[in-house]
Structure formats: C-alpha cells, structure tokens
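You will see chain A twice below: alongside chain B first, and alongside chain C after that.
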Partner chain A sequence: MKIISVIKQVPDAEARIRATPTGIDLDGVTFVIDGMDEYGVEQSLRLREGGLDTELISLALGPKRFEEAIRTSLAMGSDRAIHIETDEALDPITQAKVLASIIQEEGAELVFVGGKEADWDSAALGPAIAEALGWPHSDWTTRLEINDTSLSVTHDSDEGSETLTLPLPAVITTQQGLNEPRYPTLPNIMKAKRKELKKLTLADVGSPSGKTQVLKQEIQTKSRLNKVVQGDAADAAKELARLLHEEAKAI
Partner chain B sequence: MIDFSLSDEQKQMQDLARQFTRDVIMPRAAEYDRSEEFPHEIIEHVHELGLLNTIIPESCGGLGLGMLEEVIMGEEFSYGCMGIYTIFMASDLGTTPVILAGSEEQKKRFLSPLLEGPRLAAFALSEPDNGSDAAAMKTRASFDGDEVILNGNKMWITNGGLADFTVVFASFDPDLKHKGVLAVVVEKDTPGFNYQKIHGKMGQRASWTAELIFDNVRVPKANILGEVGEGFKIAMKTLDKTRVPVAAGSIGVARRALDESNKYAAERLAFGKPINQLQSIQIKLADMKMGIETARWQTYYAAWLVDNGMPHTEASAIAKCYASDIAFQAANEAIQVHGGYGYVNEYPVEKLLRDVKLNQIYEGTNEIQRLVISRSVINSL
Partner chain C sequence: MILVIAEHSNGSLKKSALELLSAAKSLSEKLGGEVVAALLGQDLSGAASELAKYVNKVIAVEDAALADVRAEPYTTVLTNLAKELEAKAVLVSASKSGLSYSARVAMRLDAPLLEDVTSLDVEGGQVIASRFSYLARVTETVKALALPIVISVKPNIFPVAEASASGTVDKKAADLAASDDRVKVGEKAAAKTGRVALDEADIIVTGGRGVGSAEGFTKLVEPLADALSAGIGATRAVVDAGWRPYSEQVGQTGKTVAPGVYIALGVSGAVQHLSGMNRSKIIVAINKDADAPIFKVADYGIVGDVNEVVPALKEAVSSL
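Take a look at the complex of A and B:
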C-alpha cells in the first residue's frame, strides 16, 4: 500500500511578513514545512511502525525552495518524494487536480494533507483533492486507525467531533491533536540526501492554467477608530448601539 | 572559491539542533544549573536523535560528521546551555585521540560500542598541579609484560568516571619530557581506577567534572594509541581540533546574551522610552553583534580548514580565544543591560557569564592560545 503525504513549505510562524505594492516580500524569511502537513507525515510513519506494509511518498507542488520542506519529510522517514516545481501561484482547485493526477499515477490508497495550509489559509486543498479523485475524505482529523480496507477516524465538526468509518482509498486532512510529530534524527537527515526526489514540471502534468489571478496582495491590518462615547450610561449605550448599527453595521 | 551558504542538509541539522535546544534543553537548563545534577534524561534524548558522538567515523558505524556541521549544531546547543553542550563536546574530545591516532582495530573496539547507548568518552590531560604545562605531568606509566601500569591523578576531567573510556596521558620517562608521554585508553571499571566528582563550580554546573585517581591501574599495551612517546603530540593535535567546538559554544552563549538583551531593552522603560532607544544600550547591542558575526566566521574558517585537512592550529586558537573573549564580554554586558534583574537567576543572563567564563579557561587557557598565535607570528619572520 502506498501512502502519499502532501506537503508545503510556508513562512515560519514567527517570521515577520512585509507587504510591498506588488505582493508579499518573502526576502530573508525563514521557511519551514507546514506544521499541519507535518502531522500527516508523522501519521504515515506511525502506521508503518504499527505494522502496515507501506511505501511513504511525499508530494509537493511549489517553487524550488519547497525542496527544504521535502528534505525534512524525508529526514523524518518518508521513503521518496515527488516535487512538481513551479513558481506559479495556483488556486487550490487547480493544485488539487495536479496532485490528484500524481496520486492516481502512483496508485496510492491513502493521502494525508494539512487541514489548512499556512500560506493561503483556504482549508480547501484536502477536500478538493478528494473531490478530484472521487474519494471520501475526513477533514480536521484528530484520530485515525486503519483496518484492512477501511479507516476509523475522529474529526472536528462545527458542533464538536464525529467518529466515522471511511472506505479506502481516502483523503485525510490533519491537524493538531492527531499526533506529536517527531524530530528528524541526525542519521536520517544524512540518509535523506540519498533518497529519491523526483522532479516534475507543470508541463509534465498537462500545463494546467489557474482559475484565479492574483491582482494585489496586502497584509491585513486592523486599525482602531479610537472613538470614545461620552455621556451618562443610558445615553452612551444608545449612542453606542446607533454607531454599531449605522456606522459599523455590526448589529 | 568562497561560498558562505549552508547546504540544505546543514540547514536541517541546524534546525534540528535549534528545535531540540528550544524544546528540551532550554526549559531545564536553569534546574540543572541549580541542582548540579548530571542531565541523564537529556543525554539519552540526544543519543536517540543521533546527536551524540557524531564524529565517530562511518567505518565504526558512526556518522563521521565534519567539523563544520559540528560547530553549526554546537552553537545551537550552547545557546540553550553551555554546560550541557560541554558534555557532548567533551565526549568528542575523548574520541578524537582515538580517531586521530588509533589503529583500525582500536577504533572499532573503543568507538563502536559508544554508539549503542547514551555513552560518553573522556580526555584526561590536566593534573592537580599542572594544566597548561602539560609536559610537567606527574602521572606515571610503567610497563609490565603486556600491560601498562598507571599511577597518579588527573584533574578537571569532564565526564570523568561516567565515561565508558578515558584517554589518559602519562609519562613513562620524565627525563624525556614531551617525548616521554604516552596516550592510553582506560576503560570504565578497570580495577584501581577511581573518581571524585568536583562540586561547587561557578558555572557549567550541568556538566560533570571529576578528579580521576589511578592506583596501580593495569591496562593492556594494546590500548596505547600510536607509539609510546607520541602521547604529547596526540594531545596537542586533539586540542587543535577540539578548540573549534569550544569557539562554537562561545558563539551560542554570545548570541543568547544578545537576544536576551535585545528583548529586555525593548521592554524596559527609562526616561519615558524603551532603553533600546538610548545610545549607550545601542552601542552594547552593536558590540555584541560585531563579536558574534566575526567570531562565527573565524570559527567556520577554522572548521573548514579541519575538514579539508589543512593546517589549523593557529586558526583554531584564534577562534577559541576570540570567541570566548567576545562571549564573556557579551554575557557581562547582557547583565549590565538587565541592571539588577541581570544579577539574579530569575533572568538567564547571569548564568551565561558564569558558564562562559570556563570557555576562556578549558581546552587551553586563552593565555596559551595567545602564546600559540604569537609564536606563529614570530616564527614567520
């Protein structure tokens, strides 16, 4: 059985991001493997350590710098990796189609992907991969067990959590709580450079064109109006309610 | 060809060491400093991650890590605790003479077993009555058939007594001075070999330091490294290499001193503004930064010379001396930036000073380093 972990490389959570008129300036920013994706790599390792006979493949779609995150997953213990290298910023649906074509080609039966990527924060990639493959998926998964042909999972829902059984093949989106990702060991870091890292281009997967175009990027800032409502409590409350309703349109 | 970039692999090693330091060493450093206890749990964890005894060659089943990788990671570990880093560093100090001067058989016999667990090596050169003047050593070696008999004491031995093996330097003929010294491997639990832990150190209190006592200790002649008479040369060659990680450790301490100072100076207010707006504080931060950057490049250069098999005595002496001096200065100024808070152990900076003071002393005092450097200057005339 083959398990594919989809990974991304994203700015370190502590990195200071700057917006420029043309986009986000990532110069000098430290990049790491997406923390959400790391849970998936760790879970695949645990399934194998639990006795599952499996080959573990890391799959990434993104610029050349993603190699570092790919190496991290190989150092954690994945067997080999596939990197579709592109500088294009593709929307999640297009990304999912590209990734799904590789997943199918590899004949993988289980796919892990982070619940929400720290780059675009869309939470769409996992479900979109499942959609493209026509497979069931469990999002925001916090527990996973594998039986011969099915999975038993617990995942977060709006109301709390649900426990489900899914047939294989399936897509699982991962998050905190599923496991505690390991450190790559030093010997594994050194072995990782000898593991296969297959490079593909978008041309190899049919040169898809994105469905969205980025026109402008900016950092979200929250500025305060610094308005203080004066007067006695009853009048101030009325004025506050009016402001919230008419100006802020919050109520 | 000059290239200042780290490879992806080196960056990963740095990340691993940095993460491990942040998650495992930093939360417990103060506790080990106060209790003076040996951090067994941390050493076990370090071993599990393959970070212990990393320089053991591949032919013995080790990773055969280069000096550059060693110093890249060393800086990260010492950022968390110089005392804890000294434990791993001193184990490398113990394995280095075996790697440099041991036969293939000796390397396999002594080094391979170290990889099987959280095991350590030690290096025993200094004595109660002599340190820098190593040729004046009083520990005696005599020969009896296939055995060497050791008598005497060794002082300030990191991992002493805990180590699976200790490389001991002893004189078999005091008249021959330097040329009358041999290096021999003494395994733990050899009859007559005892140790006494040294208490009350000012800093680096997580590292275990002991006096070793040799009372008619018999070891096979097959444990002698190189030729008898080569002992002093082996010790010096070893220290020429292992001074580079001392420099790396010093840089980690200096970097911590700067980071703590920078953080504090941004929060602490005086005269209505953060103290980092005061020029006197800015100058301290700039001086720390200049020291760190320049010491790091000298250290990387010395490591690069080691890895390329080029002469490195002078470069490693400069790195060790300079890095530990700027680190002591940085730790001292970090206390000054913190004012009264810097003087109590609620903040980590007083420990930096206590810890890094030792870096100016061990593996050759900075006075000895300056002697080495000046000799090479004078001899170049």
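Take a look at the complex of A and C:
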C-alpha cells in the first residue's frame, strides 16, 4: 500500500515577516516543514512500524526552497518524494486538483495533509484533495487506526470530538494530538540526501490557472493601550474591572 | 441569489447563522439577487421558523443522514441547491465542519473558495475578501476570479442580522448518493458542557503555565470565566501538560479566536499563542513577569501573582 504525505514549507513561527508595498517580504526568513505536515509523516512511519507493508511518499507543490522541507520528511523516514516545482502562488482548490492527479497516478490509498497550513492559514487542501479524488476524508484527526480496508479515527467536531470509521482509500487531515513527530537523526539526514526526489513542473500537470488572486498583503498591526494597572492585588483588580466596564465598555 | 447555510444545534440557530445572514445581505446588495437560507439536519421545524424571522426564503432539507454534520452528504445537498438555484455565492460559517465541507463544495462546483473571510466587497462584479494569513500576522485581500464562489465566513466578525422578516419555509429532499454515507459517526464527546464555545464567545479567559496546575484552572480560571459568562482557553503548554483538553487550545495549532475581550492569566505570550488571539478587540494580561511578551499586545495589564489578582478580579467583576 502506498501512503502519500503532502508537505509544505512555511516560515518558522518565530520568524519576523516584513511588509513591502507589493506584499510581504520573506527574505532572510527561516523556513521549516509545516508542523502540521510532520504529524502526517510521523503517522505513516508508525503505520509501517506497526507492521503495515507500505511505501511512503512525500508530495509537495511549491517553490524550489520546498526541497529542504521535503528532505526533512525523507530524513524522518519517507522513502521517496515528488516535487512539483513552481513559484506560482496557486489557490488551495487548484493545488488540490494538481496534487490529486499525482496521487491518482501513484495509486496511493492513504493521504495525509496538514489540518491547517501555517502560511495560508487554510484548512481547505485536504478536504479538496479528497473531493477531487472522490474519496472520504477525516479532518482535524487526533487518533488513527487502520483495520485492513478501513480506518477508525477520532477527530474534532464543532461540538467536541467524535469517532469515525471510513473505508480506504481516504484522506486524513492532521493536527496536534495525533502523535509526537520524531526528530531526524544525523545518519538518517545523510541517508535522505540519496533518496529519490522526482521533479515535475506545472506544465507536466496541465498548467492549471488559479481561481483567486491575492491583491494585497499587509502586516497586521493593532495599536494597543499597554496600560499597566498599579496597586496591590485587590486595588489593581478593582481598577481593572472599572476600566473594562467604564472605559472599554467591554464587560 | 446568495445561498446561506445556517448552522444550528439542539433545535436552535447558532450565532454564526445570523452573522452569515448579515454578510449575505450586504453581499446581495452589491452582487444582486435574493438571500436564501438553507438548514440541513433532522427535525428542523424549530430552527426553520426561527430562521424565517430573519430571511424571506428558508429551505429545510431533512434527512436522517444529515443528523450529524458530515462533509460528504452536506457537499451533495449544497452543490445540488447551489446549481438548482443558480447561486452566485454559497456562504458557510468557517467552523471546523464548515471549513471542511466548503472546500469540498468549491471543488465539486469547480468554484473559487474564499476561506475564513473577515470582510466582503464587490468590485466590477468580482468578489473581494479580506482574510488572515501567516498565522494571522498578515491581512490579505483576495479576489475571486469567477462566479459562483464559495465563501467561509470567520465567526464573531460580522454583525448579527436583525429579525425583520416573516419568511416562508420550503422543505426539500436531500437526494443523497450511496457514497455520501461512507463515513460513519461513532461515539461523540461534548467539549465542555455549560460553557460558551470558544469560537462563539464574546469574552475568553485563558490560562497559561502561570496558572500552575489543573487545580489552578478550577480555582482561578473557571470562577472568573463563569462570572463573565466567558469561554475558557488554554495555551499549548497547558494542553501538553494534560491540564486541559485540546479543544480549549488557542494558538497556531489550536483555535484562532477574536473575542471582544481576551483575558490572559499567567500566559507568557509565545508567538504561537499570539497568532491565535492577536485579533481580539481588547486584550488583558495578568502575569507576574513584567517583561512577558504578552504585555506588548495587551491593552490592560496587571503585573502580579494570578493567585492573588484573579480571585480579586472575580469579586470586582461580580459586583459591577
């Protein structure tokens, strides 16, 4: 059985992002594999370690710099990778179509996608891939077991959490709680450099055009009052309650 | 026309449904066409008559297969409705389930998706939206290049609609495919009973590592939250320590919230946490470390021990 993990590379959460008149400037920013995607890679490794006979493939669509994130997934333990290299910022629905076509070509039966991407703040990619493939999916997944031809999962719902069973093939979107991703070891980092990384271009997948266009990006700045209330605990608390009630009219 | 999917729970509408209606109304004024609200589920009569006070046309799709919010049957019903009614836009709440099925609906309609939007406008017949990106540090303006479009609307941003209609309710069959029933729901666990859901809360009280323990939450965070009818949040450190459930986590890997007031107790203010709450209208911080980064984003702060300040604050707000 083939398992595909979709990989993205995103700015480190601590990285400083600057705004320019034409958009945001990511120059000099440290990039990492999206933490949400690591859960998928880790889960696929655990399925194999649990006795499942699988080939683990990392799949990415993005600029050349994504290679580093792809290598990280290979160093964690994926067997090989496919990178559709483009500088074009395609929307999640268009990306999902492209990724689904590769998943179909590979004949994978289980696909992991990060629950929410740390660059687009988007949760659409996984469900959209599932729809493009005509497969079921589980979103916001925190537990996964495989039983022959079906999956038993726990995922977050609007009201709390619920367990689901769904048949394979399926798409799973991951989130914190699913597992604790491993750190690549030095020997595995070295080994990863020799693993296959197949390169494709957008032309190889039909040169799709996007459905949305980003017109403007601005850094969020909201000026804050930064008022520190003085006094002992009781007085400060009383004054804070008064400020929230009378000045901010918030409570 | 503009199709709105109204979320409901236990027979009554969710606040997000009324927010969608006000977003849809202003969009319909710019884009043309009437607003139609759809309800999906089982035993919808209560929610449907409530909804008819806000919008002229309500469509109730009742089917046992829609009793739980599942992406595939929802996608089938919504795409069928959107096609039949020739919707220019389908509006969905950006709840956990809404984010999920809206992506499937967009794919099935081959339509642009504007996700988790905070404002909507129309220019030259094209829909333009604002939304957050890069862990809510960036606001981006995005244009949809075609119609129809699917839009998921961020909760707690748009005003709630006013009850000014006396609409009609039409019932419609779900017309589902066999494949829509592939995902079976088993056991359900409610997040936390009796308290307002994080993404619907006007006030959120969040505890960080500084609260000290799970008991600290019971002793400090819960009483203050209850005095304010607030939702309860937690930082990743707290969730990792097992003091609180994942469902309460605010931040990069948890929920993104933007309440009227966000009260952070013993929260240091790591970037991963700030990204989940930095859009709150008013931020209050109580922390014993005056240099904690949380104070940089706070409107009001007290430098002090949560064990002393929080009970005093609870007394103070109770006597307002």
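Keep in mind that, in the parts below, the second predicted complex is superposed on the first by the 223 of 251 C-alpha atoms of A that agree within 3 Å, B and C clash if a C-alpha of one lies under 4 Å from a C-alpha of the other, contacts with A are read in each partner's own complex, and residues count from 1 in each chain.
By definition in this document, a residue touches a chain if its C-beta (ideal position, glycine included) is under 8 Å from a C-beta of that chain, and two chains touch if they have at least 3 such contacts.
Quantities reported herein were computed from a predicted structural model and do not represent experimental measurements.
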Contacts of A:P136 with chain B and chain C, given as first, second, both or neither: second
Partner chain(s) touched by A:A248 [first = chain B, second = chain C, both, neither]: second
Touching partner for A:D119 - first (chain B), second (chain C), both, neither: second
Superposed model, chain A: greater residue contact from chain B or chain C: C
First (chain B), second (chain C), both or neither touched by A:E68: first
Partner chain in contact with A:Q175 - chain B first, chain C second, else both or neither: second
Partner chain in contact with A:P187 - chain B first, chain C second, else both or neither: first
Chain B and chain C footprints on chain A, overlapping residues: none
Chain A residues touching chain B - in the complex, by the definition given at the top: 32, 67-68, 71-72, 75, 183-190, 192-193
Complex contact set, residues of chain A against chain C: 11, 13-14, 17, 19, 24, 35-36, 91-93, 96-97, 118-128, 130-132, 134, 136-140, 142, 152, 156-167, 173, 175-177, 210-220, 222, 224-229, 233-234, 236-238, 240-245, 248, 250-251
Of chain C, residues touching chain A in the complex: 7, 9, 68-69, 71-72, 75, 95-97, 99-104, 106-108, 111-116, 128, 131-146, 179, 182-192, 197, 203, 228, 236, 239, 246-247, 249, 252-254, 256, 260-261, 271-272, 275, 278-279, 281-284, 290, 295-305, 308-310, 312-313, 315-317, 320
Chain B residues within the chain A interface of the complex: 8-9, 11-13, 15-16, 19-20, 48-51, 54, 63, 65
